[in-house]
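Shared between the two complexes below is chain A, which has chain B as its partner in the first and chain C in the second.
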Partner chain A sequence: MSSASSPAPSNATSADATPPLLDIRDLRLDFMKDGRALRAVDGVSLRLGAGEALCLVGESGCGKSVTALSIARLVPSPPARYAGGEIRVNGSDVLKMSPRELRAIRGGVVSYIFQEPGSSLNPVFRVGAQILESLKLHRPEAANEEEVLRLLRLVGIPAPESRLRDYPHQLSGGMQQRIMIAMALASHPRLLVADEPTTALDVTIQAQIIELLRELRRQIQMSLLLITHNLGIVGDLADRVAVMYAGQIVELAPSHTLLSRPLHPYTRALMNSVPKLKGQVGRLSAIPGNVPNLGSFPEGCRFHPRCPQARPDCSTQSTQLLEVEPSHWVRCPYWST
Partner chain B sequence: MWTFTVKRLLHLIPILLGVSLLTFLLMSLTPGDYFTELAQNPQISPQKLAELRAKAHLDRPWYVRYGYWLSNAVRLDFGYSIAYKIQASELIFSRLWNTFLLSLSASVLAWSIAVPLGIWAAVHKDSVADRACSLIAFAGLSIPEVLLALLALMFAASTHWFPVGGAQGATFDLLTPWEQFCDRAHHLVLPTLVLAASELAGIMRQMRSNLLDTLRAEFVTTARAKGLPEGWVIYKHAVRNAINPLLTMFGYSLAGLLSGAFIVENVMSWPGLGRLTMESLSKKDHELVVASVVMATALLVIGNFVADLLLAWSDPRIRLK
Partner chain C sequence: MSSLPPQPSTPLSPWGLFWKRLRRHRTAVAGGILLIFLYGVSLLAGFVSPYRYDHLDKERSFHSPTPVRFSGFWPAVERFRKVSDPATYEAVAGDLKPLKFLVEGEDYTLFGLLHLKRHLFGTGDPDYPVYLLGADQFGRDILSRVLYGSQVSLSIGIIGITLSFSLGMLIGGISGYVGGTTDTLTMRACELIMSIPGLYLIMALRSVFPSSLSSTQVYLLIIVILSFIRWASSARVIRGMALSLRERQYVLAAKSLGQTPLRIVVRHILPGTFSYVIVAATLSIPYYILGEVVLSYLNVGIQEPEASWGLMLNAAQNYQYLQDYPWLLAPGGAIFVTVLAFNFLGDGLRDAADAKAG
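This part shows the complex of A and B:
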């Protein structure tokens, strides 16, 4: 298994002395299964500055969630095992932190919202209490009902006073996701990680949640790491896009560049598979061939069995993520053809 | 909530009707009655026997007797025990108290050990101690209660640390109230341990697997992502959810306790409802059999009902449906 390390790509001018908010360097993570180490994340490097929004796209199982959860070391371990790399948050490595330091990072610097708001909220506690719990942990001075109500208003929940004492199952999916967002924002995080926040919601609700995230980014100085299957929302929300395939980043570029001039064959295939009909954005499945399974990634370029432009040496020659144009990184030696 | 309660209590009526009818029918299908044994006695003339039978209404067909029984039962008169020469309800209530005492102490013991142990085993999954717990649980589930009860009796007989069976000592009536209490407690120890042992294993395994499932739930990740200490994540967020299915189990466990108590009571001669049912069956004391079976059924249904109430109280998704 190749573990080509690549320079940490960033669009920020790396001249300033303050460390970036998030700096993932050559992250490698294995899942242990029957005594075998299956590499799920293989040499991912990402940098995210304050206030920046980055989108992570790729097919199911390519390691997006695992990468994102690693930022606060939330991947259960075992079965996960960090095989190498660093995850620097404000300059200090999350992988070396004590439990106490980790707890301060969780919520305090990085907050999460997930795909299924219904199962991400605890069913036996009132939503108000769940938000309050976050406040108590990170902003005890503001842990009161007024602040909870302010947060609920911030995320656009109508009549928040009457929602406060509801249980999660009494709310619709869209409302539940708004509660999750309110809970994530309660701790004043510097980075919000949204892992496919709209995939489980109705189409009209999806648009509302995306609109809410965009609006919140305007109001609050906060970085955003958005994981999505839907390249359609990338352009609106993200400054940069990282495309992942089989545990590696295969292309990284500013979003308008990537959308207008995708260089990696996988990115192109991904863009062609976006349904033309608006409102039919589901899971991507239109690329011929199957996503390789964990532990049996192809030799050479991992995409070559499905690649329309594959050449004979693609199956042997290992690939590097290279900056082929300013701020445009591609893991394909034949990007120019 | 009130309509729910009333509805459930109304469900009790057809169940009790069915059970009592069935018991009457089965009792009438088995040959012989309370006086069959008496008939062996040459000093009692057949006329006298017929007279006695008639007095106990045993000369009437079973459905007529059932009709009588029912009309009395509605007025809370559960018949007369010909063997004990006492009102069946009076007898049952004194025995019921014993069964209740035994079941209660066994459940309190079993639950208060099994739940923390199950939590601990789940949190320390695959550790040596977890494996040991699983092994003990497996043993607890596979050793029959009868055997355990017999072993306990042997233990009591050989060590003299505990009384061999019974619920109170021979001199009970001569003791001071405090000594009476100690005597009862002393008698209660072994039956409680036997009854709790098999109960414990099931609860522990259930608690462990529930918690393991819950710890994989997404809201547990959310709780961790908030920055909660792991102890809070487990005890506040996960255990609170993992306990809900156990409350349902509580109803079944009450059923299990009563039938378990049935065996333990008979082997260890604990004068409870189970033993009474057994005795009345062997003596063919019809009305007493029916009354105790009906009573046991009512207890089971009420146990399930209590479990449902607990679950509704604990799980808002059920309460607010």
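This part shows the complex of A and C:
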């Protein structure tokens, strides 16, 4: 079972020579509450190579954001505490870094964009100044107005010269998210982490932002870690998909494989709850129950109370993430049924 | 019906909105204009006042105010005659001397650079003094001393809030952002400072320093002492605001770009507290003005022959003097007007900063 804790590298040939851009190994993170440790991330392992796009999918509260924020150690601790594991960025462990080394990683290697663009921009500064601040931190030699304009053009902002001196509240949500992306790209990161970048936007704007991210990936060789609970955008953007439930990865597969043939009951349930354009129109199927609260995860398989295919031994037998088909990992012993 | 020009579609910046709401507040605008006037006159004190603050005239002790008469259309002052020796004066009817403008008089220095002789007004004749607000025990013009004194009393507030709020913002901001043990220690230190009775601390600190300090040194000492007591309360409020501001997503965004903690505090936390700081600072300027008054009144502030409003009131504390020479209370009027103007302006700023009230 030793292979269970380290799912397949993205690219088997490059794994030996150079360390992968991101290598999370058996990450465990607790939140301390009233002296009790509540496990929020439990043994997550992920690898992401240069230029690769990975999608992290799951319901709210399953540990996606905490995992993603951990890459640059942005989870405030306390209350968070890392109980074990490693997060290797370019081969060095983020969890062992000094504050100075961390600041070099943040923005320099990993950049973030967040869910609510409106609240990610400081309301009292002009957007041009905020992009300039990002440049000053990581590329001081390029901290000038021409570079800011180039970035604004790169993220598809029309008439960037007139937008430079706008305040964030003068821009629409889609424009604000483009500004955020420009800020994140200003430092030339190797990995862009997008934490539900479209959740707060209109559907049409969502499509534009997704299109922009895909276009940017093509133009600049950059890895992408996309967090979403929208399975609809998974196939558009990601090479691979990891489905998380209750702090664990329950299924990990190339995106086309996962979308066409989901194996874990939770993934199937998620996909059934997406409205379809074709076929009979009926009530949407929802997954019964809620994600269990932190600290009260059920024994055995954590999904079994909500699982339509649960068997008696699901509540006792703990589950392992196993490679059931080439590069297709599932945490369910009854995946084939 | 003339068509209106197209309005700009861009919404106002936060400062634009703030300014717009402030202008609607009549009393605040009046207070602001009055303060601009007071500070302007204070800067030009040497020029506006007819005498120097230390111009002595023993012959005219407690001279009563000389009202402005008119000789034709031209303003003039009467000559006064001493009636009895403990200082009673009487106008000599018909003996008028016209006032001159830009008249040559005693030397003074403007802005610490310009050595000038011309004063805004005066008679140019020592036999016809101009005491618009009367004279004190030593025959010094009270108006001139109020004007010179305003340089101390008005600047002490501005420098005081600058000191105490910079300290309060930096310490409060760091304390709130960093949190944990740093926060606990800083806040306990603030509480300690706040629990010391201010007046006694001032008296104690003042007595530690030699009594032979120059007026400038005393002036600086007063500011430092008053700011030292005052920063703790602003630090506590700012720390509370920082606790809430640090949870904002743009702080996380700045952190995710690798910004240093100090820069995050200065660039992203503290600007969010400006609306509070501007209001609180304006409303706490009177505290410094009154603080100086109290200290000078207790003889631990500005020393004679320099002028400050508190020191001048000190001379008016004798009941007999007050009854006979009520014009000695003129600096009290100046304090009243200034404090009121600051409070009006502060009220308006608070309403303008609070968008919900607008």
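The definition used in the following text is that the second predicted complex is superposed on the first by the 312 of 337 C-alpha atoms of A that agree within 3 Å, B and C clash if a C-alpha of one lies under 4 Å from a C-alpha of the other, contacts with A are read in each partner's own complex, and residues count from 1 in each chain.
Assume contacts are C-beta pairs under 8 Å (C-beta built on N, C-alpha and C of every residue); 3 or more make two chains touch, one makes a residue touch a chain.
Quantities reported herein were computed from a predicted structural model and do not represent experimental measurements.
With chain A as the common reference, the superposed partners chain B and chain C clash.
With both structures placed on the common chain, the touch criterion links A:Y167 to chain B and to chain C. Judged by the touch definition given at the top, the superposed model places A:R103 against both chain B and chain C. By the document's definition of touching, neither partner reaches A:A159: not chain B, not chain C. Superposing on chain A, the segment of chain C with clashing C-alpha atoms against chain B, chosen from 109-117, 163-171 or 217-225, turns out to be 163-171.
Residues 72, 74, 103-108, 110-112, 114, 116, 119-125, 133-134, 137-138, 167, 169-170, 180, 183, 187 of chain A touch chain B in one complex and chain C in the other.
The residues of chain A lying in touch with chain B in their complex are 69, 72, 74, 99, 103-108, 110-112, 114, 116, 119-125, 133-134, 137-138, 167, 169-170, 180, 183, 187. Across the complex, chain A is touched by residues 10-11, 13-14, 180, 248-250, 252-260, 267-268, 271-272, 274 of chain C. Within the complex formed with chain A, the chain B residues making contact are 217-219, 221-230, 237, 240-241, 244, 314-317, 320.
The part of chain A that touches chain C in the complex is made up of residues 72, 74, 78, 102-108, 110-112, 114, 116, 119-125, 133-134, 137-138, 166-167, 169-170, 180, 183-184, 187.
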